[in-house]
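Each of the next two complexes has subunit A plus one other chain: subunit B in the first, subunit C in the second.
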Partner chain A sequence: MKPVDQSAAADMFIADVQHERFHDHHLWDLRKGRDQERDQIPEWETLRQLASDIKAHTLTHLADYLEEFERNATANGVQIHWAQDAQEHNRIVGEIFAAHQVKTVIKSKSMLTDECQMRPYLAELGITVIESDLGERIQQLDDDQPPSHIVVPAVHKLRGDVAKLFARTINSDPNNDDPKVLSEAGRQSLRPHFLAADAGMTGANYLIAETGSFVVCTNEGNADISANLPPLHVASVGIEKLIPRIEDLGVFIRLLSRSALGSPITQYTSHFRAPRDGSEMHIVLVDNGRSARLGMADFWTSLKCIRCGACMNTCPVYRRSGGLSYGSVYPGPIGVILNPAIDLHRYRALPYASTMNGSCTSVCPVKINIHEQIYQWRRIISEKQELPLLRRTALDVAAKVLASPALYRRVIAGVDQVSREFPRALIYNPLNAWGLQREIPDAPKATFHQWWAKNRGADHE
Partner chain B sequence: MSSRDIILAQVRVNQPPASDLPKVPLFDANLPSPWPQFQASLQRMGGEILDCPEGVHLNALLAQHFPQAKIIASVVPEVEGNFNVVQGEDPHHLAEVDVAVVRARFAVAETGSVCFTEQELVINALAYLAQHLVVLLDVNEIVGNLHQAYQRPEFQMARYAVLHSGPSATADIEGTLVHGAQGVRTLSVIAYQRTPCVV
Partner chain C sequence: MTMTPIAPRVALFVPCFIDASFPEIGVATLQLLERLGCIVEYPFNQTCCGQPLANEGDQKNAAACEALFVQNFAGYDYIVGPSASCIHHVRQHMDAIEQTDEVTQVRTHAYELVEFLHDILQVRDFPWASFPHKVALHNSCTSLRSLQPPLASMSEIRGPAFSKPKELLANVPGIEWVELERADECCGFGGLFSIFEEGVSAKMGYDKVDDQRRAGAEYIVSADMSCLMHQKGCAQRLGYGQKYIHIAQILNGDTV
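Coming up: the complex of A and B.
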């Protein structure tokens, strides 16, 4: 596949001033909300360390925990399926639905089913999947656009965009762009789908080995309706979502929504252990590259990710480029380190969509060393001799961020602690906002392009 | 070899060197008084507290609070509704319910959450298809934080256990908070002691 040109896509996003400004400010507000929550919890850093350690332990004993989970879930009357890759996942889900004559499915948000491109596959089989998370539904109605953020899928759209889209697709009033009215229109249009669905689908935030149960966190309650109304509930889950014990949930639930949205908890935290009387519950455990990643010494800790989106909200490049520019279901810093392992050629430019300011690492609730992994991917890519082109790309991205002194100051303010372990060449590399700041103490008066032309341009080309 | 065995084998080969599972403390020294903390947290999450003045019957309180409500489905003995929720019945019937009245198993002060299992809800979908949810809570059954909550047996025993922290909400359109996204539009908690079982 053609490499993703994140920089060019970001250009288009930035050119649209209104959208770019809202996106940037709104996501930064989420980051500030996260900080406020953190400040109210004295044990916050202890919780992050615990979360990171629990995940490390689970991942280093993953096979045993998977077996324990399977044993307990099966004893609870849940049917467990295993999928090595996206195709097998889709085939299994299709077969479950075919066996139950399912024609319509109501589904809550799941990055995994997007990763597997399940919807188009099921559509071919004549099965309609309706997204029930409002943001994800907006994206689905908009010509099946992928989500642009893993927690707030339509965050790149403004109210006017939604008003136009809803007028076109669900007959709402095109002249009313009040978010309350639009959300109500979304509710009214989704309700018949809930009631008519033959099956419900969810993802899962956590699988618990001890009990064979799984946990789904939503704000809309859509996962609970999807799971509790139709007689069939299928959950698709990556194998890395395991944690050993129920008591571990205390750590993760306390961190998740605070990191994601700056709220103490999601409105709904739902624990599914066994099917309701007269209904069936299936879990599809999906590998799709995860077991291979587990063997990558520099990158396996990315499997600790709990998909909170905090690294996106804090990332100056993400905030100013929009999630769609990454060309993957996983955008932002986490996408930058996940995607190259999936397709190095296609995603070779992504590790350069970073100022290396380390802000992602300092907010990550499971303490993934995101910016260090970004650096490792750059090394791998430069060893593959694709550097000159990529340097230019990286330069563009950094330049966009640094062109705004206000934003630049915010980038620097967002750096809580940055690893100083990088070689000097990288710290003082022009792609690195942090290194740049050390060389030019004040926020740059010239744009990055001008600075580059003056200081480094000569020895580059 | 089955996909299961292939995945497990590959995971085993690739697992990094083992690290230990840490103990999780309860972090419950010096927690604030549960009931005031619960009320503050619930309000933060968009829920509300309904005061039931001495001598006022819950039926009257609800009639006053939800004057438009036509169908009230109560699964608690303290409130008389006009809709029968029968265990094992098709949940789709519940789509017409205006107000559902249920009792919380327990609550969490830190997050303003109330916990239900399939036992309290009778039909799980009741708590989502109704337009409004009214929750009776015994204030002696509030734990301080989520660590304490996860010590409770419900999470080991129940088929379905859920924490509701305020009503259904979305901020998917321009970050504007709207209540009543797909589930209930309001969630109200009434402090009301559990009626002792009559044997």
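Coming up: the complex of A and C.
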């Protein structure tokens, strides 16, 4: 597939001043909210370390904990399925639904089902999946536009956009963009789907090995209705979501919503353990590249991710680019390090869509060294010749110059001379990326090197 | 003023962009170190530490630069450069070449100017300096979140606040600090990011210089001129009046 051009997409996002400004400010507010919540917790940094350590322990004993989870969940009456990749996941889910003559599914938010592109697959089988998370529903109604953020999927839209979209799709008033009115309209349009659905789907934030139960965190309660109204509940979960014990859960619950939205806890933290009488519960445990990632020395810790989105909220590049610019289910800093392992060629530009400023690493509640992994991915991209030819050539030339003191002096003198003597219109040409929106530093009378030679050079020349 | 008893032998590392575009910062660094009793040498065949190449992931091309750097700087007690990102590269990333004893010696003896003044010389008084202006501090991302140990605390982490640059500037009379809304958000320079991701880079830069302007800063001071080069370029294009200055120039008492 063609490489994603994040930079070009970001430029288009920036050109829309109103949207970019709201996006940047709103997400920065979430970051500030996160800082305020952190300030209420004296042991915040200890919690982060603990969460990181629990995940490291679990991931390094993953096979054992997965089997423990399967044993305990099966004993609870839950049916466990194993899917090696996205295709197998979709096939399994399709088969479960076929066995129950399911035609409509009500589904809460799950990044994994997006990762597996499950909705289009089920649509081919004649099964309609309705998203019940408001943000996901907005994105679904907007011609199945992907989510632009893993926690707030429609954050790139203004309320006016939603008013227009809802007017077009669910017959609400196009001139009323009051968020309360809009969410009520969304709720009313969803209600019949909740009642009519043959099956409910959720993801899971945590699988707990010792109990065989799983936990879903939402703010809308939509996962609870999705799971509890229909007679069939299917949960799709990545194998990295495991934690060993129920007592470990508190560490993550305390970190999750504070990191994500700057709220102490999600409105709903729902535990699912066993099917209700007369209903069935299935869990599809999905690998889809996770085991392979676990074997990558520089990148395995990215599996610690609890999908809080804090790295997106704090990322200055993401806030000004919009999540859709990353061309992937996982945008922002975590996407930058997850995606190249999935398709290096397609996502080769993403590790360069970063200033490596490190803010992501420092807000990450499980302490993934995101910006250092970005740096490591660049080495791989360069090694595999995935840098665009023009860029590679520029680096080859720069390297020759920088490694030769004599050539380097001549080039600098030449550049300074051009800068002094050429007319402005020639210097600020369209190929001069620096000069498109910025001034170039004035050329000094002499370089430091020349200054030294003149003033201190007697002993050295 | 606290001084180490024996004059330290310092190799002055003048990063390539300072050599080419901001020689006055190299001069200020040199004069300041000499004023503080250091014996300063300038390895004459130095060019670049290799950071721009290595940050692109291009280890193959970075190797020759790194080898040349080691050839120039091996054997000194201290290598001091006025740029956190370059020193970060030398200390934490310079591994495109074989890690010989000589390379390790260079990597473990490289210091960013502020940390050298603060931690090694432990100087706090600069009696020749004064700076009667409203000043905003820009801490580069590298100096906060990558360099080990960092030059200052960052807003993301819960813990005691500290700032080595502010400690050094604390006794310079006249400075009136102004605070930014987003004090340690990245300004968008990011090395070659500023060229290859020009749109986002410039937008981040514009937001940063807007913040500085709203805060009423006359000067923005930093230990990293590369960020300031980008910010200055943005501010000039927007017609803003704030000025940009390297910490070495203030501490050396340069007239600006």
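Some observations on this one:
What we mean here is this: the second predicted complex is superposed on the first by the 385 of 461 C-alpha atoms of A that agree within 3 Å, B and C clash if a C-alpha of one lies under 4 Å from a C-alpha of the other, contacts with A are read in each partner's own complex, and residues count from 1 in each chain.
Just so we're on the same page, a contact is a pair of C-beta atoms (placed from the backbone, for glycine too) under 8 Å apart; a residue touches a chain by one contact, two chains touch by 3 or more.
Note that this is a predicted model, so its numbers are computed, not measured.
Within the superposed three-chain model, A:G135 lies in touch with subunit B and out of touch with subunit C [touch as defined at top]. Of the two partner chains placed around the shared chain by superposition, subunit C is the only one that A:R379 touches, whereas subunit B remains out of contact. Of the two partner chains, subunit B is the only one touched by A:T266; subunit C is not.
Of the two partner chains, neither subunit B nor subunit C is touched by A:G335.
When the two structures are aligned on the shared chain, A:W44 is found in touch with subunit C, with no touch to subunit B. If you check the complex, the residues on subunit A that touch subunit C are 7, 10-11, 14, 20, 24, 28, 35, 38-39, 41-42, 44-45, 314, 316-317, 320-321, 351-359, 361-363, 371, 375, 377-383, 387, 391-392, 395-396, 398-399, 402-405, 408, 412, 415-416, 433-434, 436-441, 443-444, 446-452, 456, 460-461.
Against subunit A, in their complex, subunit C makes its touches with residues 14, 16, 18-24, 26-27, 42, 44-48, 50, 52-53, 55-62, 64-65, 67-68, 93, 141-142, 144-146, 154-159, 182, 185-186, 188-191, 193-207, 229-230, 232-234, 236-237. Looking at the complex, you find that subunit B touches subunit A at residues 2-4, 6-8, 10-22, 24, 27, 41, 44-46, 88, 91-92, 95, 110-113, 118, 124-125, 127-129, 145-147, 149-151, 155-156, 158-176, 178, 180-184. Against subunit B, in their complex, subunit A makes its touches with residues 22, 26, 29, 43, 50, 53-54, 56-63, 66-67, 70, 76, 82-84, 88, 132-135, 138, 152-155, 157-159, 162, 179-180, 182-184, 186-187, 190-191, 194-195, 211, 213, 219-222, 224-225, 228-229, 239, 244, 246-251, 253-254, 261, 263-278, 285, 287, 291-292, 294-295, 297, 300.
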